[in-house]
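Labels for the chains are A, B, C, D, E and F, by order of writing; each one numbers its residues from 1.
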Amino acid sequence: MTELLLINPNTTSSITELVLKTAKEFAGKDTILRAVSGAFGPRYIASRVGYAIAGHAAVDALARDRGRKDAVVLACFGDPGLAALKEIAKVPVVGMADASILQACAIGQRFSIVTGGERWKPMLEEFVASHGLSSRLASVRTVAPTGADIARKPKAALALLAKGCRACVREDRADVVILGGAGLAGLAAKLKDVVDVPLLDGVACAISMAESLARQKLAKAKVGPFSAPAPVESIGLSPALARALR
Amino acid sequence: MTELLLINPNTTSSITELVLKTAKEFAGKDTILRAVSGAFGPRYIASRVGYAIAGHAAVDALARDRGRKDAVVLACFGDPGLAALKEIAKVPVVGMADASILQACAIGQRFSIVTGGERWKPMLEEFVASHGLSSRLASVRTVAPTGADIARKPKAALALLAKGCRACVREDRADVVILGGAGLAGLAAKLKDVVDVPLLDGVACAISMAESLARQKLAKAKVGPFSAPAPVESIGLSPALARALR
Amino acid sequence: MTELLLINPNTTSSITELVLKTAKEFAGKDTILRAVSGAFGPRYIASRVGYAIAGHAAVDALARDRGRKDAVVLACFGDPGLAALKEIAKVPVVGMADASILQACAIGQRFSIVTGGERWKPMLEEFVASHGLSSRLASVRTVAPTGADIARKPKAALALLAKGCRACVREDRADVVILGGAGLAGLAAKLKDVVDVPLLDGVACAISMAESLARQKLAKAKVGPFSAPAPVESIGLSPALARALR
Amino acid sequence: MTELLLINPNTTSSITELVLKTAKEFAGKDTILRAVSGAFGPRYIASRVGYAIAGHAAVDALARDRGRKDAVVLACFGDPGLAALKEIAKVPVVGMADASILQACAIGQRFSIVTGGERWKPMLEEFVASHGLSSRLASVRTVAPTGADIARKPKAALALLAKGCRACVREDRADVVILGGAGLAGLAAKLKDVVDVPLLDGVACAISMAESLARQKLAKAKVGPFSAPAPVESIGLSPALARALR
Amino acid sequence: MTELLLINPNTTSSITELVLKTAKEFAGKDTILRAVSGAFGPRYIASRVGYAIAGHAAVDALARDRGRKDAVVLACFGDPGLAALKEIAKVPVVGMADASILQACAIGQRFSIVTGGERWKPMLEEFVASHGLSSRLASVRTVAPTGADIARKPKAALALLAKGCRACVREDRADVVILGGAGLAGLAAKLKDVVDVPLLDGVACAISMAESLARQKLAKAKVGPFSAPAPVESIGLSPALARALR
Amino acid sequence: MTELLLINPNTTSSITELVLKTAKEFAGKDTILRAVSGAFGPRYIASRVGYAIAGHAAVDALARDRGRKDAVVLACFGDPGLAALKEIAKVPVVGMADASILQACAIGQRFSIVTGGERWKPMLEEFVASHGLSSRLASVRTVAPTGADIARKPKAALALLAKGCRACVREDRADVVILGGAGLAGLAAKLKDVVDVPLLDGVACAISMAESLARQKLAKAKVGPFSAPAPVESIGLSPALARALR
């Protein structure tokens, strides 16, 4: 049995449910899934300020969770708070964007990302660069509706997304495309037939990477940047997070 | 008259005061300085989880501030929340680490950073890399006491810091050294005679860069990643920040 | 049911069996594994010339295999022939080194590789560079015995390998270590308690990445560098490979 | 009181005067400015051969100057002789292009440069690369008239420059633009309203960076590449420069 | 007297003869040339699988050759097996693509490659990257006919190739262009008048680099990655290659 | 017949003669060599200020030369003025350092440079970086005596240089070493037996690269950064150089 905790660091529970539903489709039979949302912050993350708040919300959500888990999935494509979660979690933490770009690299030489919300383009380019993988990135293409918009009306967005994916292949020479974004969970299956290269679903990548790491029963780092940090006093945080820092 | 707001995103007001005092020494005569601390979060930032919370605290502090300002200085060496602040502020925002590494690049070819708290070493290496400047970085050297420790007992740390600075020059071939960290504000002046290359004070760099940008009266971006983001609903934030997002 | 074909491109069947045995320990319950060895070439790969021959042996082995498979694992740490296999295989192909460095990147910021055979050090450094991940590589450390030597006498090598892994953490600042090499399959489990950061087994990484890709039922690229190449006449190849090229 | 020496390494005194006039507009009240031109070389720098000569002219100009100065500004966008000046000057030396790209990096993530003279495009791309900042460069766009042409007839060039700046934002995704070139000094103020992101004037950036460095009273490097070089005999140089080398 | 062995790792002797003929035109008077073809493999190399086989064929061809030689030229633009050849050869080995990109770098700042066969575009981009020279690459442009097609009907391809070369200069800003591909040997002379920058013939570059290295009588590496590897047993190889490995 | 002009941009004719003598040893039989020295500047180049002057001296020397030449060799290891010479010369121009690092890359994967004069270390590191080849550089090691010192007393320096070369191999893992510096011309032959990897003489590399480019009768660029620049008026230059600019 592998138990995974999904953390959606935004505050829209319908998106959390969508991700959880999609995750269940991709998860192995002996994987148990739970999901939580951020306790505070914007309804969806579509800007740098939302991203900054979501990093705090993500660590807060982990601190509040008392259930058993073998790995954690950070279910926002862009992974706000990922490094902080790795530091304080006792089990492996997988970011949805991180897992997706790594699996894309296992498949092809040049990957593209298609997602919703125009501000994500530079944010994801910087994300890929900060992971040292710019030389593998063919392009990031965004469609105007945000992930939250797409989650509400997925059908309306399919044609736009298909067009974006195809442009990645034809114009940007991607040999693998990632459909990213919590709000886009599950749409890759609907688009794969119209894209000429493998099309990855961010949720599927995150779940399988988390299952893989959980199954390997990797030890928590005892030293270095992802070992548990020294305790520190705090003010104004949720009791659970304050306790986690102490 | 140039008015600068200093934001210390941690929650220790004595460090905020130390930074403000040092900033006043370096500021021009017609510069007016104010400083605020984070409303929540750890007492000092010495880990990735603290860093994640501080990004939220920094934007919250800006949203709460109603005073006039011509530029904002983010006074934590490592600059949590810098990109988010640039997005929502109407005036230029300067990060203390960012301003320091840029001024170091104006002076020499290879810079080193010396600061307090061992976890800052990988965090600052990643910071420099994410700014595209790894090829200019000679080294990051940390001393064991955190910035907060050093702020409390600066004299005890001077010998350690001097040793670190000299190693940057002799072993890592730095031709300019930055003494970083809010808690180390003002110490560069005490160490400059024992270091054989220019020694920069992070606070001095931040203040002068902010004065310079303020004086140029640069327009706020109307498009692109640092223009004002689209409004978004939120829950659980301070009223000021919720209003700023809307 | 997921069926995986393991290709060991060297010509030592005991190593093929060792890898297969280790792979079975890590594979999911509904995964079926088969393994084949190279039909020609050196007994083990420990040089560039062996690596060049093994690339041919790998594609030859795939062409000869007529069994059903949902994904292919190239079970030589260094992945000779990986791009060629991706081109001609109808299913996803996972390289053992590639899968390992990608999973290491999911866990930490800086990874090291420990393996047997001194010539692998520059070869693996170039491998990591060619995948665009040099900025994430802390170090490659090799021990003098080759993978084949270690496969024969694993106990003798354990102390050497442990020393190498610990040096990666202490001296090279790795926050995750990969124990690479077909001949080292299974040894990570024996060493994990003496290494202070997560220790990855190359075989485990490859198997789980292959299972993940197989489960996602990704389409074969119809265009681009990993689509099926144009047919070409040949001479002097095995009938199976000649047929595969035609 | 801060005294700055501006060195225009070309030999057109009207451009020197234009830079000096613009510099005075941006300088602080307690800054005193002087400017000198090159004693030999082309009338303006618009090629690599002119650039090579200007490097010599710049160090010659510094050697000839006997006035007091707290910092030196090299007032040719492209900074010929910058490293050599840093080596022999006793005070900080700021290059106009260098200061501009560094301040641009403090403001945005991707900067563009607009200047006059088509040969400057590859020269400035190489300049940015040699400073390790290519990953931050959105584009260099040049207009056909040289800086000298523009200095003579600024109004004729405004529309062309505006078009170039806007293309940097719309097509190259710059989030900050630098108007570079001694001959373009002061034009940014006239164009800022038609550009949707912050527009930097190269002279303003250089002056404020020089004031900042001068105010910090940084020590001259005693060791390393920017310390004073060993004396060397010479022939055929101006008496002042020969003396400076000895 | 300098004796050079040309290895064409594909199996089409008419291409081997074409390369030899072109090589003789460029070689010095006291250079003696011989050429051999691969003993097995595809008729021409136009895919990754062909490339993998050709690496083996190249080392096999060297092992079979018993003649005297002062240097070896690997006469397939893309250099399959180059590192392996360097390892086992007692004399310098020059790759045609490698020599061409290095000579291009001696001439200009940004080079382009024009060749036949569409799959070579990503393969050559990766080749250039793996040599650390991506920052110097302006573009790779391919025409649809493969090198083998062009060798058969060179006149038909001239207009296409000219168009490609000119696009490299005008659109990609190359300041030097390489006409690569064994099948294109000798065509640069016919196209140089219609291209506005220096146009390099891959064969000419390889021959002159090999002559230069041979003339310098460089010692074979006694240590490191290009020294002779440890002996290893093998199966299924040609007797000559098996002997070379032992 | 190939005629080469060697330009030594420093002003010590005995070094010019030493380079010419060494060049003759490496040149082909049908190569005719001439050499000129700089008309002004320091006696030797061992600092950035000397380097800046030498760039001017190099273009001045070319402008003064009225003899026939098929290629030009810039015979100072570090290549001051190389890009400017390429711009104004009608024939190919080869820099001694540039040719050496490119030939080193043809031989091995990681090269080191050993030369005289401690300030050359950072200057050559920057040179290699500006050519995009930092990923291939194992190290630059300098000995304390300058090139001029070594030219005067070569025997005294041999042991120091041998030690440096060996350290490049053993400690820095170079697989090819360049002995650079005009003053070190010819010493590689004396040291090759004590270095375990190929040892390149900078003069030999430059001569053979120049012969190769000359023999290919490459056209002068008609467009782009190395085509002839637009004419420009000047003051204070030698009549020959002033004429060349006009």
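Simple rule for what comes next: a residue touches a chain if its C-beta (ideal position, glycine included) is under 8 Å from a C-beta of that chain, and two chains touch if they have at least 3 such contacts.
Quantities reported herein were computed from a predicted structural model and do not represent experimental measurements.
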Least hop count linking chain B to chain F through chains in contact: 1
Same-site or different-site touching of chain B by its copy chain D, using the half cut: same
Upon optimal superposition of chain B on chain E over Cα atoms, what rotation angle is obtained, reported to the nearest 5 degrees? 180
Note, CA centroid farthest from chain F's centroid sits on chain A
How far is the middle of chain C from the middle of chain F, if each middle is the mean of its Cα atoms, in Å? 44
Mind checking the centre-to-centre distance between chain D and chain F? Centres are C-alpha means, answer in whole Å. 29
Residue numbers of chain D (touch at least two other chains): 83, 86, 109, 122, 126, 129, 134-135, 173, 224-225
Please classify the inter-chain touch graph. Allowed labels: line, ring, star, complete, other. other
Chains touching one another, given as label pairs in label order: A-B, A-C, A-D, A-E, B-C, B-D, B-F, C-E, C-F, D-E, D-F, E-F
Chain B - residues contacting chain C, complex: 122, 126, 129, 134
Which bits of chain C are touching chain B when the two form their complex? 109-110, 135, 173
Residue positions on chain C within touch of chain E in the complex are 11, 39-44, 46-53, 55-56, 58-59, 80-81, 83-84, 86-88, 119, 122-123, 126, 129-130, 224-225, 229-230, 232-237, 241, 244-245
Contact footprint of chain A on chain C as seen in their complex: 26, 28-30, 83, 86, 92, 94, 98-99, 102-103, 105-109, 131-136, 169, 173-176, 192-193, 195-201, 204-205, 208-209, 211-213, 215-216, 218-226
